[in-house]
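So the structure is just underneath, and the comments pick up after that.
Residue numbering begins at 1 within each chain, and the chains themselves are lettered A, B, C and D in the order written.
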Amino acid sequence: MRLSGMDGKNLNRTMTTHIFNSRVALTLAGLVLALGILGCAAPPPKFRPNLVQAKTAGAEKVTLASTPEVDLPTPDKAPVAGGKDPNAALEQAYGMKLSDDAGKAVIESVVADKPAASAGLMWGDVITSINGSSISDRPAAVKALLEQATWGKPMKVKVDRQQGQQIANLLLAVFGTPDHPERVSADGSPDPTLLKSFGFDIDKLQVSAGRVYSEQSGRQHGLYRLHCAHCHGISGDGAGPTAAFLNPYPRDYRQGKFKFKSTLGAEKPTHADLMRILTDGVPGTAMPSFRILPENEREALVEYVEYLSVRGETEIKLIDRAARGETIPTPAELAGGGPLVPDAEGNVTEPQDENNIVAGVVYTWRMADKKIVAPVAPSEEMTKWLAGEMPKNADGSPASADSPAEKRRLASLARGQAMFYGTAANCFSCHGDSQLGDGQTTDYDFWFQWRKSLDTKPAADRDKVIAEFEALGALPPRNIKPRDLRAGVYRGGRRPLDIYRRIFSGINGTPMPAISVLPAGAAPDPKKGVTTQEIWDLVHFVKSLPYQPLSQPPEQLEALREHQIQ
Amino acid sequence: MSEHDPHQHSNSGHSDAGHSDAGHGHVKLEYQPALPLSNGKTIMWLFLSTEIMFFAGLIGTYIVLRFGAVAWPEPHTVHLSEPIGAFNTFVLICSSVTVVLALECARANKAAAAKGWMVLTFVLGCVFLGVKGYEYNAKFSHGIYPKLPRSQIWEKAGIRYVAAVRDRLDQVITEISTDLTVAGGPKTAEGRQQLALDTQAAEVQKKIAKFQADLKQPSDKTEGETAAANALAAENKKLDEIKAQMPLTIARDLKQRVRKVELLSAQQPALFASKNPALPPPGQATLDALAEEIYPPHHSEFTPEGDPHAMKPNPPEGINDRYPWLKLPIKISGGNMWASTYFLLTGFHALHVIVGLIVFAIMLTLTLNASRAGMIENIGLYWHFVDLVWIFLFPLLYLF
Amino acid sequence: MGKFWSFVFFLVPVLGVGLFVVAMNFHSLPLLNHWFPEDVSASGHVIDQLFMTILVLTGVVFVATEVCLAFFLWRYDAKANRDPVRYMHGSHTLEVVWTVLPAATLFFIAIYQMNAWADAKIRQPKDAGVIVEVRGRQFEWRFRYPGPDGKFNTPDDIHWDTDLHVPVDEEVLVHLKSEDVLHSFFLPNMRVKQDAVPGMMIPVWFRPTKIGSWDLVCAELCGWGHYKMRGRITVQSRADFDAWLVEIANKQHATQADATATADAAKPAK
Amino acid sequence: MSITAEGFHAQEAVHAHGHAGLGKFIGTYVFSRDHKIIGIQFLFSTLLWFLIGGLLALGVRWQLAWPWSNDMPLVSKMFFAHTGGQISPEFYTMMFTMHATVMIFFVIIPILAGAFGNYLIPLMIGADDMAFPTLNMLSYWFMWPSFLCIIASFFVHGGAAAAGWTSYPTLAALQEASPGGHMGQTLWLLGVTFAGVASMLGSVNYMTTIIQMRAPGMTMFRLPLTIWAMFITAVLQAFALPVLTAAGFMQLLDRSVGTGFFLPDGATANNAPYATGGGQPLLWQHLFWFYSHPAVYIMILPAMGMVSDIIACFARKPIFGYKPMVYSIAGIAGLGFVVWGHHMFISGMNPYLGMTFMVATIMIALPSAIKVFNWLGTLWGGKIQFTTAMLFAVSFVSMFIIGGLSGIFMAATPIDIFIHDTYFIVAHFHYVLFAGTAMGVFGSIYFWFPKMFGRTMNEFWGKVHFLLTFMFLNGVFFPMHILGVVGFPRRLADPYQYETFHHLLGMNRFITYCAIGMVCSQSIFAINFIYSIFFGPVAGRNPWHANSLEWCCPSPPGHGNFDFQPIVYRGPYEYGSPEVQTDYYPQHQPPPEGAAPATERYMDG
């Protein structure tokens, strides 16, 4: 220890040095930590607002009322009805009833065409003031309405109408939450009977919903969160955390519009259609094939997607009504109209009351099986062409262009092409006269129709509206690009049947229209429409495009590269 | 031990460069250097060796990509001129010589002469950059540069290439027509040019109408008639000249022609006849042939059957040469990779030249006597390195 | 404390070897199936055997060096060791021995494996029973069989995804491609793995020997949905395979709706 | 040579600076050009990043133990409330990408070369500072843009880089291909480039210093192995890193300008065709691994050197085979340049190249083996003192054996077909980098702490820290070998969806428990470290009775390091020499009067 003798003397100085050293280091440390904390304290990523607050993914933006004030007309003289319950008198005088909900004066019901209804009061409104004096509970309201009223003169009634909350409560009363897809009874216990009466399989919904875990037996729960929620969002709004990065955006089930299905036009898809999408995926999108999931899990997921779609569509309809100032149904009305379990022939009764929104939506789903597009059978030869079988000579060599069989094939292609450019089908105006999908590039999907209406506005206004929509949870709008028919990727499936259906009934929610088909027996008129048999020629033409030499350059490059690798 | 006296432990001159900040009064330490170099020169050599690896990475990339490519353009296809490149090489070599002369003068303590040589080096460096800039401009004006989201350069004339040409033409037409309808006159040079030409053409046409009217009227003098006829002919010629300058017209023509090609490309005579009865039947016309008619290729195409590296050069002419402002997509086999590597290599080399010039500029503010010889030597080493890199780049990019 | 620390370091080889022995004996609990997945290919056993060879070689070195280390710590603990320090700077002989011996072993290991590598990646089989194009894309596997004409990129190609079907006991030749980013075609049970690179076609081959269905894994990071890119390989008898091929070809070329379809579409959609 | 206490003016100078206003303060301590302060700045920065990297790793482990659970601590509530607390898969991808990036570029490389390289090189070779102090300062401050880029990347649109630390194109080179592939990936590239510039500035400076500024008598073969390792590391950095920088620039251009170096023709990204290319995705891998394989040695060689010094010191015995140790370091570095292809056996590279790379790779095990045998030789016949530093150093050897041997599996091409990109490789490189380097670094901190801060760390809690870390790290990383043998792939957010790997959940939970334990036990270190800076027992100049030059300076050394001119008479490992009474024999201590002239003792071997 010869060297350490001096350390004591220098200790104070060295300590100063290293304390400063460490102070410097600690300052740096603090800086990094501060940045880190700043990062942690930064506001979390935008919450997607509850659909109840604003409908953004649809075609418009709506605002819901919160505290309107109305002029309530009074009858000329006091009501005669009496008794212990003042509701009889209220009903007679105003056509409404009050309930005592948590001490507040809540309107329990309104009768159509009576003063309350014509003044715009609605079920669920909480009366907060009458003629300027504030109302705290039901007796106060009754007193003001029946005892202090000046008969014949209208009175100013202010109500607290949290429509957003009302709608949320309504949904809860029918659908539960997406995590717990069953109605919660008054006593808090789950009550699956209502959803069952609409034909939902509660068991399937339950394995799909909620958090991810496996039972001891290996049964997987939370299937939807495991496989779907990253893109399609917890409530099926098509805006999961990953959605913004996908091209195209994932489907928003709440709109009830599905693209690739077997049914006509705007009809709902069948259960089998959704199964097919889930099993095969959607080529050319981020939707992968879930073929290797067990069939029961896929079934459960499809059932759950139907549930989310019905729930979402109901929500949108309720919001529409509220925004238009119409009466929101009561829970009982909303849940009415059932049961909608198909009978032996697959028929369900159509609900008549327009307040039975859920039943109305479910009905469209249950009827989808009746609206399937079944194409006319193509000729035997056409079937072969569509399957890629070329006309052959007897010895198996490809038939020459002037052989009758090949001539017929070429003629079919020519007919298809003529339709492609023709006025009835008018395919080329979008898909481009070179079939590269570049005929138009400025149109929008249905859920960005709000964006389309901004096209004519000055850029600054446009940006402001877009920002508003995005703040409400809408994804940044994108143009919809027509399919590049030479790429050989078919989102709705590559079966001739699929392409036929796309042409025949269009693609729901997109600018792709249904072809105009001539009525049976009508005289051929290429300007007015095509016959169903001719659609097959068009299918034949579309299916042949990826294999034309013109479509091939990338493949040739690839061939060269392969050559190099070897 | 008197560590206050820095002269007692003479610093042996080896660590001076890095220790200009010494002077806290601590012990001046003695060292046992392994190399007979100053620290500054040692670190410069080490730095240059890392630079060698940097350029080795870049040049290696070039070699790998070039010889792995299916096709590679000829130099003049991409407007590369060997004489200009050679001239630049010469300029850079000269600047290496002048920097050595500056060092010699500084060592001999001839500060003025050293500065003279240094100025010359600086000027030569600037000339090199100027020529480089001229060359870059030539590329840009022909549409050769990397571009997001999609390159301007197409590898092959195919239906997608023609679609891109058409898209660009549509875009030009939209741009110009919007521009012409904007209140307050055209905003772009093309728009103004178009408007000026339109005005001129209108005036000329007025004159023509007047002359034609003159010609129709009975006249006394045959001389006058001849003069009017001559004037009409002159004005007609002028009008033709103006029309020849009208880019919009050309763009529209092109568009129509491209559309014809599109229809032909459908390879369906039946449709062709139904939609365009006025046009002759397509016969053997292929898309490529028509695309070439619209836009003569800069070289012959490779074919899957043939040797991809064997290419016959064609004269580099086309619509983009005549009307560069149209900025049409161009078609060069291997052109994308060529542009990527060319701008990468020459760009990083030019960055090094710029750094060298900055250092030279700083040196020019100093008196370049013997005490600065070390500095001049170090920057000279760097400059030789930059020169050496160019000596590799020139043949790689221009000659092979 | 020296004894304690030597014991701690002695535990390393004991527990290490122990874990491997327990895992290797894959019929036993608690590490049931914590070893190579079942080998169902003709050449997978080569890789397994190579692995075992190297495991034994390295295991011996591992145990020897770790035990030496623990022993030295125990023996030469300053508190217990009364012997003087061996003041020495090394031994030329020892250095030569422990350079040459490992060098020879390592070189042997390297040469020993060349053949297996060549079989796996270089000697492409000439008698492939089925050729299938496998394309990776974000985030699924897409397959293409050449169809009746035996050529790719014709209208009769048979497209399929996710579940690769191949016949048993025949060489399967995969043309591996990628549409967008890097993927990796990993069949744990066939001991096959190959990256799929965009812009390249890479041949991969294997010969399944057992009928059944196994995982097809993407083993190269391909983006956020990498974990989603699951596939299966289904090995069938030749007859089943052919029947399956016909079945999906028919499905793919379907022009008629399924039996459930009832609506008459011939009437205009009004 | 006399040693005087008075007149060590450096101390006074520094002391004075401390009171001369903020400007002076910043000049002296923040933008300091003193290698020691820069070293300590590096140390603190890297330890902080170590914490961040560790937390990211815990996030990854949490997902693997409880996939898609709703209650990942902190993260669930803060970022994923709108998905019911379930993290998104791209977040998982970002976590492992950033874990690797932070650990490699901001922890291991800067703590070895930046912190210990800076602190030890001038002290151990007898210099008053680096050859270029300003350059040295810049090399630290160039880390800051890099730090900021990486921090910022978490908060930009799309989040941080999510293409793995290898940043393979086309995933990384295409903006559309991954969520983090927007701004985050660009920031990542910028960050790595800045870190590269910092390393390059450091490495040429280290080389110049070591070549030119050794004390009289300090021949190359009298350098401590730490310095040899730092020197070779600097060489590796100087020659390998520029290639990565070049490649990084190219990827940056691909992303932002539209070049196509790594983008092939005719592919798509996110269902849209992307800019036409003609480039080669594999080229990036070649360029990347040309740097990143040597980088593996950059990440272990300095630790090897430091561990050698610690082992010799606490075995009280000369290092066994000094020259073979030096040659093997050089051998590892030399071979390190020609083995990068073993990362690419199944990448689609020409399979014949695979054979060549396999031979080179397998041969690189040889110098590593020589080092292990020499460490064992050093322990043999010594008088081993079980200090905390020694325990960490010995555990380095013990763990490096595992990491080295498992490397042979990967080097064997046919086996690599199966275990490539599985947890076997994860186990392998964590054994080398965590169980190896990080343990070596902990040992070095315990060993050189007295020199850095003038006080010693608490030995008891140091040993508790060691024991817990050692147990838990083996609990974390050893079972990963078994996972790898099953084929369990890396980088999967949810591997259990595969039938083959479904049953591995239990073992992964075990690993995660151990990982949590491991991270928690580091708090013992953190408390010990910070407490000891202020309140640890005061250490003398040479608390460990070690030989090399740094131990003859005051603790901590003042500006200028040496209060006398050191002259070196012998190598650094003369422990137990019969020439002197003590069991150590410092390098600068003149031989006793009449002793035989110093002979070169390291020629054998």
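Quick notes on this structure:
Basically, a contact is a pair of C-beta atoms (placed from the backbone, for glycine too) under 8 Å apart; a residue touches a chain by one contact, two chains touch by 3 or more.
None of the values given here were measured: they were computed from a predicted structure.
In terms of C-beta pairs in contact, A-C outnumbers the other of A-B and A-C. Between the Cα centres of chain A and chain D there is a gap of 51 Å. Chain A and chain C have Cα centroids lying 41 Å from one another. Chain D has its Cα centroid 30 Å from the Cα centroid of chain C.
Multi-chain contact residues of chain B, defined as those touching 2 or more other chains: 68, 70, 155. The residues of chain C that reach two or more other chains are 138, 199-200, 202, 224-225, 228, 230, listed in rising order.
Taken residue by residue, chain A touches two or more other chains at 242, 245, 286, 557-558, 561, whereas all remaining positions touch fewer. All chain pairs that touch, listed by label, are A-B, A-C, A-D, B-D, C-D. Touching chain D in their complex are the following residues of chain C: 1-2, 5, 8-9, 12, 15-16, 19-20, 23, 31-37, 46-47, 50-51, 54-55, 58, 61-62, 65-66, 68-69, 72-73, 76-78, 81, 83-92, 94-95, 98-99, 102-103, 106-107, 109-111, 113-114, 116-118, 120-122, 137-138, 178-182, 184, 186, 188-189, 191-200, 202, 214-215, 217-228, 230.
By the touch criterion stated above, chain A contacts chain B in their complex at residues 413-414, 417-418, 421, 432-434, 436, 438, 486, 548, 550-551, 553, 556-557, 559-561, 564. Those residues of chain B that touch chain A in the complex are listed here as 68, 70, 155-156, 158-160, 162-163, 167, 259, 262-263, 265-268, 270-271, 274-275, 287, 304, 308. Residues 3, 5, 8, 11-12, 14-15, 18, 25, 28-30, 32, 36-37, 40-41, 43-45, 48-49, 52, 67-70, 74, 78-84, 86, 88-91, 147, 151, 154-155, 158, 176, 178-179, 264-266, 270-272, 452-454, 494, 497, 533-534, 538, 540-542, 551-552, 554-556, 558 of chain D touch chain A in their complex. Chain contact summary for the complex, chain A toward chain D: residues 1-7, 9-11, 13-29, 32-33, 35-36, 39-40, 42, 44-45, 47-48, 179, 211-212, 222, 225-226, 229-230, 233-234, 240-242, 244-248, 284-286, 554, 557-558, 561.
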